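Next up: the structures, one after another.
Across the two complexes that follow, chain A remains constant while its partner is chain B and subsequently chain C.
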Partner chain A sequence: MMIRVENLYAGYGKIEALHGLSFEVDEGEIVTLIGANGAGKSSTLKAMMRLAPPEAPLVSRGDILFKGKSILPLEAHKVVEQCKMTLVPEGRRIFGNLTVMENLHLAAWTRSKEEIAGNLERIFDLFPRLAERAGQQSDTLSGGEQQMLAVGRALMTGCSVILLDEPSMGLAPLLMYDMFRTLKRLNTESGLTIVVVEQNARLALEVADRGYVLNTGEIVAQGSSEELMRHSHIKEVYLGG
Partner chain B sequence: MDFIIQQCVNALQWGSFYALIALGYSLVYGVLRLINFAHGDIFMVGAYIAFFVSTFFLSMQIVWPEGVVLAFTVPVTVILTSLVGVTLERVAYRPLRRKGVNRLYVVITALMCGLTLENGNLALLGASRKALPSLLEKQIYDLGGIALTNVKIMVIFTAILVFVMLHLIVTRTKAGMAMRAVSWDPFALPLMGIPMDRIIVFTFILGSGIAGLGGIMFAMSYPVLDPYMGAMTGWKAFIAAVVGGIGEVKGAFVGGFLLAFVEIMVVAFLPSTFRDLFAFSILLLILWKRPTGIFGMPQATKI
Partner chain C sequence: MSMSGRLLRIVLILLGPALAAAACRLAPILNEGHLSPAHTALIYGGLFLPLAAGAAAALSARLPACLFFILAAGLVMAAQLRFLDNYFLLVIMTMGINIIFASSLNLVNGYMGEFSCGHGGFMCVGAYVGSLISMAFFTSSKLFGASLLPPHLAPLLFPLVLIGAGLVSALFGLLVALPSFRTRGDYLAIITIAANYIIISLVENIDFIGGPRGLSGMNKTVGAMREVAEMPWMLIWVLTAVFASIVFLYRLVGSTYGKSIPAVCQNEIAAEIMGVNTDRVKLTAFMVSSGLAGVAGALYAHVYSYVNAQAFSILKSTEALVMVYMGGMGSLSGVIMAAAAFTLLVEGLRFAIPFINSLHILPAGYEISPVWKWVLIPLCLILLMQFRPEGLLGNRELSHFFPRLNKWMKRTSSEEEPDAHSGNK
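Coming up: the complex of A and B.
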């Protein structure tokens, strides 16, 4: 297993958000975490990224293993550098005062000139709109374009594991499907490992290999996407019947 | 007419001091959202370091050609002053940041660091003032009734040079790009594999180094140093930074020069006791009209 989250407890101050969460992600998989608002999906991703409090929860017990090694002592930028894992955060969080190109270049902080050139080409191939808007200040982009930039930025880091937090949020249905199709393409063509947190469970299960269902900081169901989609209770609660 | 131009030259000189200090406030605020109240005292420390460094060079049994001591003093002072700034960050601010405390406590810590620097200086060096040795033979040029000294020209050119360099750093280098990114939203920076602490240290090096440069320039213009010289000047530079639009490089410059112009012009036509009252009233009016400063932008994030 590439990533193994073991019995993870984490919280913000006195409020515990994750109560003994365990799950696994294998190399080259698309895994989705689904669940209602406040189930602990975002907290899980932030804890995995080792982001610092107060925006991320503090881990109190349990472990997060990457290729068998605990990443709890690492800081977020070290996780990016050493594990080649990064996060596309909820709400995109692009650098609005920088141009599209500057956002992409900044994300390539740890990389060589040749790598950057090759990667840019790939990103502009996936998202031609970003090439059109390369010189534009990025807070002027539409929501869909900002999400493309957020994903493009994650790819520029050269990471092979990408965590996505609600990539469909605020997008029109058509753009949502486009985004998930692109994620699938990245997975099959580039072997990218993807962990995606989604409220739109149906959409996520359609592209994912496996899924975990979270409820108030605990995993209440797991299985392959087909199994989860057939599961009558999940269907009722998360997929709208 | 000559009188007005002469006053303008003087205002440019004072504006340069304010701008060089205001920059440090602005850069640190942009990256950490922290008002580094110790910054005025970093400027003072810079002036004292220049005093000690130049006195050390002059005490050597060497006859230095004209300007050589100055050429040594400037880089050594800038480096040592930036080290003082980085040390403050390491020792006082970073531990608090690590603990995730409210920003208020960091600001109060900064205020106390400033007072510690002032009073530490007083305790160590005593109350008597120090005089910076002459590093440049004073030359006065008379341009049709307007008196220019080589020191004045140097001060103004230094400020312009710093502005151009800083502009290039912020817009053209990766570290500068990261500084701008942090000022928008620091959250995603580590996700790009960028160590936040390195950007913060870089910011303190720039801000404190430039304040050190301001300290030398100030001491060469007014060679009497005392422990409290950074307090009032620092406050004024901070206000200049806010009026210009804190977090913006050009805001620090415009604010600094604006404040100096207002001050000098008030003194030119009114008793000098009116200076600060008028200067601050005008700045208050500007903030009343534009609460975010001249170049500051009210920030909105798209969700």
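Coming up: the complex of A and C.
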């Protein structure tokens, strides 16, 4: 197992958000966490990324193992460096006052020039729109383009595990499908391990290998995507009948 | 860069100190007064111009750098030949010190988006530490006894004073930053104001460095430099320090490492998940900023030959804030322009008010008091904030408004154009 979350309890101050969460992600898999608002999906990703409170929850019990080693003592930038794992955060969080190119270069700041060059080509191949807008200040991009930049930026870090927090948020349906198709392509062509948190459960399950269903900080169902899609209760609650 | 180009640069870099040493040797002879002014001008021209052009070409083959060196060499020569009076030189040096002071604050308040308002405190540390180092190294004083180094080395080793002052101020910056960077925004502002007050009270209560009476032992170092060669040494060091700090800041904010400073300002989490160690970036930026303020302080002490802690009170910190907000937060060229303009405004009003009084346009018996200066300057700031709240240039550089400047900012590549160095023949 590449990532193993074991009996994770975490919360914000006195409010506990995750009550004993356990799940696994294997190398080269697409795993999705689905659930309603406030189920603890984003908190799980933030905790896995080791972001600092108060924005992220504080882990009180349990463990997060990366290739068998606990990453709880690490800070987020160390997780990026050592585990090659990064996050595409909710709401994109691109650097608005920098250009598209500067955003991408900043993401690659730990890497050599040769690595960057190959990576840039790949990103512009996946998202030709970004190449067109390379010199543009990134807060002038449209929502869809900003999401592409957020994903492109995550790829620029050279990470092999990418956590995505609601990549479809605020996108038109067509762009949403494009985004997930690109994620699938990254997974099959580059062997990227992807953990995606999504409100749009049907879309997420279509590309994912396996899924976990969260409800108020606990995992209530799990299985392969097909199993979850067939599951009558899940169908009713998350897939709209 | 080609091999020969690199070699040429190394030779030119070595040529600078060699010529400076030669200047030190020659200058006493020149000052004997046997030579006609024209003759003197010729010799000094011969000394300074190659030095300036060589250093400009060697350090950076960019046009602004060369222009700066030519301007600096012109100023130094004019000062040497006494074309400029001491007051004018003092204004120029104050301007230089203000440029370093304001552009260093800009790193924290502009690029990083924090609000530090105790910058004067770090300048104070630099002023005192610089003075003490210079007293210990180059002068025999009651405080430190005999000088550690022979005083005639002062003209060449003066940078040690600046570097020492900068390092200690940076350490003080670290001391302030470590506890306060867990908090942001208003809290940092309050903590830095407190630090400013603490530093000043501390200095005022250490008796052996003069306490509230101030310190003036460093003027012997300036005297020692003068004794070696009668040259405008402080002007030379101010100009050198201005050049060095601007190049340093320009390179820093243009580098990928430097880009992480505005990134931290924009979004700390996003920076962190790109692998940026945000805590370290913040500390580094704050240390660089306070270190450069210390360099400005050391220069200030030697230019005025006297320091007093009260000169670096919250008023001084406010001056730095005014210059940064006037120039535009996060714009290096804007803040440089603002610092120059602010110095001229403060000094200009010194003359404008008596001048208006001398016109007798006011009814007899009425006069404008010089205190009006401190009404007019804040008023200018209020008007600026009202009509151009982003400052002169906003967060952009001068080259954004005049795109042609971009062409000049590029390095003239030495391989294709060997002519770039022809000025040194």
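Just so it is clear, the second predicted complex is superposed on the first by the 241 of 241 C-alpha atoms of A that agree within 3 Å, B and C clash if a C-alpha of one lies under 4 Å from a C-alpha of the other, contacts with A are read in each partner's own complex, and residues count from 1 in each chain.
In this section, a contact is a pair of C-beta atoms (placed from the backbone, for glycine too) under 8 Å apart; a residue touches a chain by one contact, two chains touch by 3 or more.
This one's a predicted model, so the numbers in the text were calculated from it and none came from an experiment.
K.L.:
Applying the touch criterion given at the start, work out whether A:94 contacts chain B, chain C, both or neither, answering first, second, both or neither.
P.N.:
both
K.L.:
Specify the partner with more touching residues on chain A, choosing between chain B and chain C.
P.N.:
Partner with more touched residues of chain A: B.
K.L.:
Between chain B and chain C, whom does A:110 touch in the aligned arrangement: first, second, both, or neither?
P.N.:
It touches chain B and chain C both.
K.L.:
According to the stated criteria, A:170 is in contact with first (chain B), second (chain C), both, or neither; which is it?
P.N.:
Only chain B; A:170 stays clear of chain C.
K.L.:
Just checking: does A:53 make contact with chain B only, chain C only, both, or neither of them? Give me first, second, both or neither.
P.N.:
In the superposition, A:53 contacts chain B only.
K.L.:
Touching A:118 in the superposition: chain B (first), chain C (second), both, neither?
P.N.:
It touches nothing on chain B or chain C.
K.L.:
Contact-wise, after the overlay, does A:146 reach chain B, chain C, both or neither (first, second, both, neither)?
P.N.:
So A:146 only meets chain B here.
K.L.:
Share the list of chain A residues that count as touching for chain B in one structure and for chain C in the other.
P.N.:
49, 51-52, 55, 75-77, 80-81, 86-87, 89, 93-98, 102, 105-107, 109-110, 153-154, 157
K.L.:
Can you list the residues on chain B that touch chain A in the complex?
P.N.:
Residue positions touching the partner: 100, 174, 177-178, 180-181, 183-185, 187-196, 301-303.
K.L.:
Considering only the defined contacts, which chain A positions touch chain B in the complex?
P.N.:
Listed in rising order, the residues of chain A that touch chain B are 49, 51-55, 75-77, 80-81, 86-87, 89, 91, 93-98, 102-103, 105-107, 109-110, 139, 143, 146, 153-154, 156-157, 170.
K.L.:
Provide the residue numbers of chain A that touch chain C in the complex, in ascending order.
P.N.:
Chain A reaches chain C through residues 49, 51-52, 55, 75-77, 80-81, 86-87, 89, 93-98, 102, 105-107, 109-110, 153-154, 157.
K.L.:
Quick one: which bits of chain C touch chain A in the complex? Just the residue numbers, please.
P.N.:
Answer in residue numbers: 256-257, 259-260, 262-263, 266-267, 269-278, 395.
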